[in-house]
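Sharing a structure here in structure tokens format.
Chain nomenclature is as follows: A, B, C and D, assigned in order of appearance, with residue numbering initiated at 1 for each chain independently.
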Amino acid sequence: MGGSERPPYPPGARRAPGDPGRSSIDAQATCRTNPGRSWIDGVLARLERERVFKWLPFVPVQGLFALLLLPNALLLVYLSFLSWRITRGAWWNAPFTGLDSFLGALGDERFLWAVGRTFGFAAVAVPLELLLGFGLALLCREPFRGRRIYTTVFLLPMMIVPAVVGYDLSMLLIDQGPFNQVLSVLAGRPITVRWLSDYTAAKLAVIGADVWQWTALTFLVFVSGLAGLPRDPIRAARVMGANRWQIFWHVELPLLKPVIAIAVVLRSMEALKIFDYPMLLTQGGPGNSTETIAVYLWRMGWEFARVSDAAAMSLILLVVVSVYIFIAIRVLRRERRRLAEEAAP
Amino acid sequence: MRSASRTVVTVLLSILVLGPVVAAAQAVSGTTADERAINGAKAYLKSKGLTSLKLNMMMPSIFTAGSTGEMANFEKETGIGVNYFEVGILQIQAKAMSEAVAKSGSFDFWIGDPISLPDLVEAGLVRPIDDLVARGKPDLDDVVAGFVEQGRYKGKTYGMFGDGDNWIMVIRKDLINAPGEKQKFKAKYGWEPGCPDTYEQWYQLAEFFTRDPKGTGVPELYGAMGYRARGWGWRWWLQQFYAKGGMPFDDNMKPLIAGKEGVEALKDYIALTKFMPKDILGWATPQAYPFYAGGNAFSIMTYPSIAIAAEHPEKSKIAGKNRYCVVPGYMVNGKLVRRSLQGFGNLLYVSNYSKHPEAAYWLSQYLTSKEVSARLVSGPNSVWDPYMKSHLTDPRVIKARTKEMLEIHLKNAQVTAPMILIQGAVEYNDVLDQHVQEALLGKLTPEDALNRTAAAWEKITNQLGRKAQIDGWKALKPAFPTKNVPD
Amino acid sequence: MAAVRLEGLTKLFASTRAVDAIDLAVPDGEFVVLVGPSGCGKTTTLNMIAGLETPTAGDIWIGEARVTDWEPRDRNLGMVFQSLALFPHLSVFDNIAFPLRIKKVPEADVAARVQAVAETTRIAPLLRKRPATLSGGEAQRVALARTIVVKPAVFLMDEPLSSLDAKLRVEMRTELKRLHAQLSATFIYVTHDQAEAMTMADRIVVMHQGRIHQMGPPLQIYADPANRFVAGFFGVPAMNFLDGEVVAEGSDLRFSAAGLRPKLPAPRTATRGPTTLGVRPEHVRLGDGADASPATVSLIEPLGDETLVFLDYGAPVSLVAKVDAEDKVAVGDRRPFTLRPDRLIFFDSAGGRLR
Amino acid sequence: MMRRRLFGVARHAGLLVWMAITLAPIYWMVMTSFKHSGEWVTWPPRWVPHEPTLINYVKVLTPGTSTFELGRQTLKILKPLWDSLFIATTASLVAVALGSALAYSWTRFGTGGRRYPYNILSIRMVPPIVIAVPFVVYYVTLRLLDTYTGLILVYLATSLPYVIWMMLAFIEEVPVELEHAARVMGASRFRVLGRIVLPLTAAGLVVTFLFVFILNWSELLLAMTLTNTEVSTIPITLNKFQSANEGRDYGPQAAIGTIATLPVVVLGFLIQKHLVRGFSFGLLRK
């Protein structure tokens, strides 16, 4: 106690009298009155005020978005209204053609197929991942011998570079390869499916790659979700005479809703971008059977040099995706709000 | 504008008219093209006040091993070395396009196929090299007729041709000569087995030599091999289509592929596939060569570099057992028409955005000189295929490829047709590729596939501007061979 | 040492007035308790004094200094939190040493000072433990030790005893009082427990809906509440409130409600009309008298030394009386009662005190 | 009792099947990396190399140009390995630092409004191919094409949404009173971050770092678009040799795959028990 413990700033040094509400620390003045503090402390003290401090991380982040993503978005929109190919001079000289690129894109069967195909992949892969992940998580729910080993192994695929997965599977899936060998043993007759060059099988291979790798993630999410289930409602239901199935259906599943929401949003968000597996496994072939949006746009932009068309398609895609984004975000918001309400007594 | 004679005339004219003034002052000394390249490079370095220089080169990753030695030699001689930037062979186009946008100069020159030339020239990426050709006098006159045209577009030279990728047919003479086989074959098909003259004959050979004694559906020996994978398969169809006498477009750029020739060629193309390994739909050179060299197939239609794999003393199980054939054809109006395709063919392009385009050019000239190209072509790991007349007589090349193969190869060159080298080629080809594969997979009927391709081609042509495309197509037409069969 | 003064202190959250223009002066060394139901703004007020919340308007003075805009660390305060806020990743020793190290006290002194404080708060054997392994009382003392160790001029306490069980809580009250006496620092203590407020405070500040309703010494607050809210908040069981009206009966004034008409002390000048009468249970007497009203016993709650008797006198709400345990009362007994006239308090319909 | 045991057996059966499915491809890759070229493709396939060899690793890791089995391909793996490591680490570190600071600011002060994290998440949902072409145009003007900085910035932007969402869950768990206590005791806001928030969310930071590191370490499309000669990453390198119609130099590629996988898997094991909380997106009960 005593003088040494007193606030280091004499009253008035930080704020001019009669100047309510606004800060006006003068770093120089601070220096003079407090020789113990360097100018760095002065700056830090200034940054520390809540109205400054809380914006500190926003400056670089928003700056990054504003400088990196915004100009690109604007450029994308601008390009889509032109008729520019890389083979037609500089983009700023390209003729303005209004909605032509958009109309062209909507009339491009291949594009529409690619969109449909990509959503189709997601529609098959994501539910599969959810079901598998959920099933495995349920099996690993209570403690038993070997549980740690299982969970450890199940998380492995997530940690592997998708390009490596694509490469690895391309080795396993050749027609005289290990995968067909295993199938043959199981089936008791020779199986020679051309996983990489058959029209339908190649689609399955791409979906399979996604499922193999990302079931790990849904498994992880569900394991944590199940571990976090509150015990009392379940106990209450048991006391009330509910059987295992009823508890699962009426108590646990509703409580797991937010977790399911995360898994769905996380996975479908990434599944719509699918690029690596078709690129590495099949190059979009055979035919165009595994050509996803990303692969087609890659070709459109970089091989066919049709940048304006690619830009228009990108924007159409964005509109489609934003419907999904809108729904996903509403779900997330609702679940978070609900949880906050439940948490408050 | 694309015939060899026209080129020679153009070059001669430019030398005659402008030459005495410009070239005399700048011509590079040296008796051979590689010497001139070295001298030119040295002079260039000197003029820039440099003692050494590293050029960035983009190349398909498959190409480095065969070429690095010669680049090291060039660096030893001149001080100009190369950093390689390897890209998947099918992504070269994308990377080049991206550089056309970027204009970054991040690579000085690159190896690419002729298909992308028109687009890349239009995109402003490729530097015309006529001025440097005039000064360096590369061995263009030794390049097989027609090939040199592949590096030219709208009257200017853009790339040094370096890889004679017209196809060759290889069959297994040991299997034909096996006891009893000839007789059995003749009894069945009525002709002495050997190099097929027509695709029908190839089909018969393939059928006969496909050996599946246990009936497992996985033969011990496959009758035929070609390429059927996405990105490649269309080229093999195109060759068959040309042999049918087909042309992709008429003079107004109306697609002609969906006609009788196209459909028949496609049916034959599909029929032949059943004698090929099942996974052929995903294979390219790195899969096909070892498979063939492993003695697993009777015949293959592919790049001439197959000889290196097939005759490799250690890695090949069938060295010395191969017979090289002039490509088969079709009977058109009672006459046999054979067509080989310049199915890839690499060019050395110099970038417009290079800081040292001249240095890059000198290295290109060095690599495509008679002497150095012979070394490249005969190298143990080479994927460069013979493309100069002098290769035929070079003992090193003969040793690596066999005399028989070289003679056949240059015969094939006489009936070699170009791919569709006009603006938008990549897109035309991709659409064709897609539909050919869908027909192959039974997703579309051959007629349907080709009709759809034709419709898509019309769309592309309209987008690019019909007039410009007609001009491009007309300029390409002279590059098609006039002979039906080689001499 | 420092006095604390709040001038027109206001805090808005969105549009709700959490704290509404409070004026308060806490003299140096006083033990002040802010008390009120949850959501009354007392914690927000404390946080503003600590500098953890920025006031929307008004000023805070500590000692001579106007600290409204100061960072908490510059205010020379000690604060004990409801959750105790022990740092789970630090040992007890490091928890106590934390403020010293922040203030760059030399490490040798740190050890000595921590040891000394640990002795006085009787936690010396716990110094190596982690907070998670401590019992409630131990954690409580660690939190105190951590606050005391820097000898702040002002102690802020935000319901520090709420996590303890009933017995420990009573013990700790005494301990805190002793601590206050020892340190002779200013204590500002926030609680919703009126018993804590009554037992510990030099002065109580009653808050409700962001405003101060009354301040004063505990007994004064109890005996002379400023309004119906304060009256109802203090005392267990709560004060009886009877709705009725003041009527004139001859020269007398009487309070009339249900079956009950007690006479009011003579010098009342209050206006007639609807009024609420407040009377604490200990001021309700059983037994006949001049002014007695009839009633039936509906419920009894023995407390040990005393007994609560619920009287049904005809109104919807029973009247509670606190009687000596000796007095035998049974449910159903008819027991008339009287109200101590000098202890009757009157409120208007808005809850304001009528004097 | 009988039913219980039956369930136990069935459970193990189910789990073992998936374990086999999970491990087989990884096993195959690792085994192939120890095989001579003659054993890469055989019928029947060889699940165990008959003559294990390290030659593939030697080839892949030898600096400079190494010649592959087919005698055609050369590959410098060390440079991409280093580039990947540098780019992924830097981008992930900065993203974790900025993103968690932002998550902190949002959690504590509501900075940016209630919808901010959701808005940021929508950035992640946009397929990167959509902006690939304008990105090149734009990066050229900024001279960021084919630079470390360029790729790091892109990865930073694309991993921030994940960082923010994962860190929200961890930061919300730190009682705000701890921070108040520290501040009253004299700590500045920065010190509170360093001494209280950071240690208490350390596990979360590590998990988050690992996850975005995996994403950045694996990213292919943008890397392919935005690099040329100067910068190269592991996925690009693999793609060079894998684009379906290109090389099948199985052995060396398996070695690259194994090398690319190993560090991440080891890291993953170390922080496995913290992984669970990281993916709750703040939607799990405590």
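Basically, contacts are C-beta pairs under 8 Å (C-beta built on N, C-alpha and C of every residue); 3 or more make two chains touch, one makes a residue touch a chain.
Given the structure is predicted, the values throughout are model-derived calculations rather than measurements.
K.L.:
What chains do subunit A and subunit B have as common neighbours?
P.N.:
Chains that touch both subunit A and subunit B, as defined above, are D.
K.L.:
Centre to centre, using CA atoms, which chain is the farthest one from subunit D?
P.N.:
C
K.L.:
Could you compare the number of C-beta pairs in contact for A-D with that for B-D and name the larger?
P.N.:
Per the contact counts, A-D leads.
K.L.:
Taking each chain's centre as the mean position of its Cα atoms, how many Å separate subunit A from subunit D?
P.N.:
The separation of the two C-alpha centroids amounts to 13 Å.
K.L.:
Distance-wise, how many Å sit between the C-alpha centres of subunit B and subunit D, to the nearest whole number?
P.N.:
Each chain's C-alpha centroid was found; their separation is 40 Å.
K.L.:
Can you check how far apart subunit B and subunit C are, centre to centre, with Cα atoms defining each centre and the answer in Å?
P.N.:
The mean C-alpha positions of subunit B and subunit C differ by 94 Å.
K.L.:
Report, in whole Å, the distance between the mean C-alpha point of subunit C and the mean C-alpha point of subunit D.
P.N.:
Inter-chain centre distance comes to 56 Å.
K.L.:
Which subunit B residues reach two or more other chains?
P.N.:
Residues 90, 94-95, 98, 101, 218, 229-231, 282.
K.L.:
On subunit D, where are the residues touching two or more other chains?
P.N.:
Answer for subunit D, listing residues that touch two or more other chains: 43, 133, 137, 188, 225, 239, 242-245, 248.
K.L.:
Can you list every residue of subunit A that touches 2 or more other chains, as numbers and ranges?
P.N.:
Touching at least two other chains: 45, 48, 50, 174, 176, 196, 282-283, 285, 298, 301-302, 307.
K.L.:
Identify every two-chain combination in which the chains touch.
P.N.:
Pairs satisfying the touch definition: A-B, A-C, A-D, B-D, C-D.
K.L.:
Any idea which subunit C residues touch subunit A in the complex?
P.N.:
Result: residues 1, 54, 62-67, 69-71, 74-76, 150-153 of subunit C touch subunit A.
K.L.:
Contact residues on subunit B for subunit A in the complex?
P.N.:
Of all residues in subunit B, those touching subunit A are 90, 93-95, 97-98, 100-101, 119, 122-124, 216-218, 228-231, 277-282, 423-424, 426-427, 430, 434-435, 437-438, 440-443, 463.
K.L.:
Where on subunit C does subunit D make contact in their complex?
P.N.:
Touching subunit D from subunit C are residues 47, 50-52, 71-73, 75, 77-79, 81-83, 85, 87-89, 98-99, 102-103, 146, 150, 156.
K.L.:
Which bits of subunit A are touching subunit D when the two form their complex?
P.N.:
Counting only subunit A, the residues touching subunit D are 44-45, 47-48, 50, 53-58, 60-61, 64-65, 68-69, 71-73, 75-76, 79, 91, 132, 135-136, 139-140, 144, 146, 150-172, 174, 176-178, 181-182, 196, 212, 216-217, 220-221, 223-225, 227-230, 258-259, 261-262, 266, 269, 272-273, 275-276, 279-283, 285, 293-294, 297-298, 301-302, 307, 310-311, 314-315, 317-318, 321-322, 324-325, 328-329, 332-333, 335-336, 339, 343.
K.L.:
In the complex, go through subunit D and note every residue touching subunit A.
P.N.:
The contact residues of subunit D facing subunit A are 8, 11-12, 14-15, 18-19, 21-26, 28-29, 32, 41, 43-45, 47, 98-99, 101-102, 104-105, 108-109, 111-112, 115, 118, 121-135, 137-138, 153-154, 156-157, 160, 188-190, 214, 217-218, 220-221, 225, 234-235, 238-239, 242-245, 248, 250, 253-254, 256-257, 260-261, 264-265, 267-269, 272, 275-277, 279-286.
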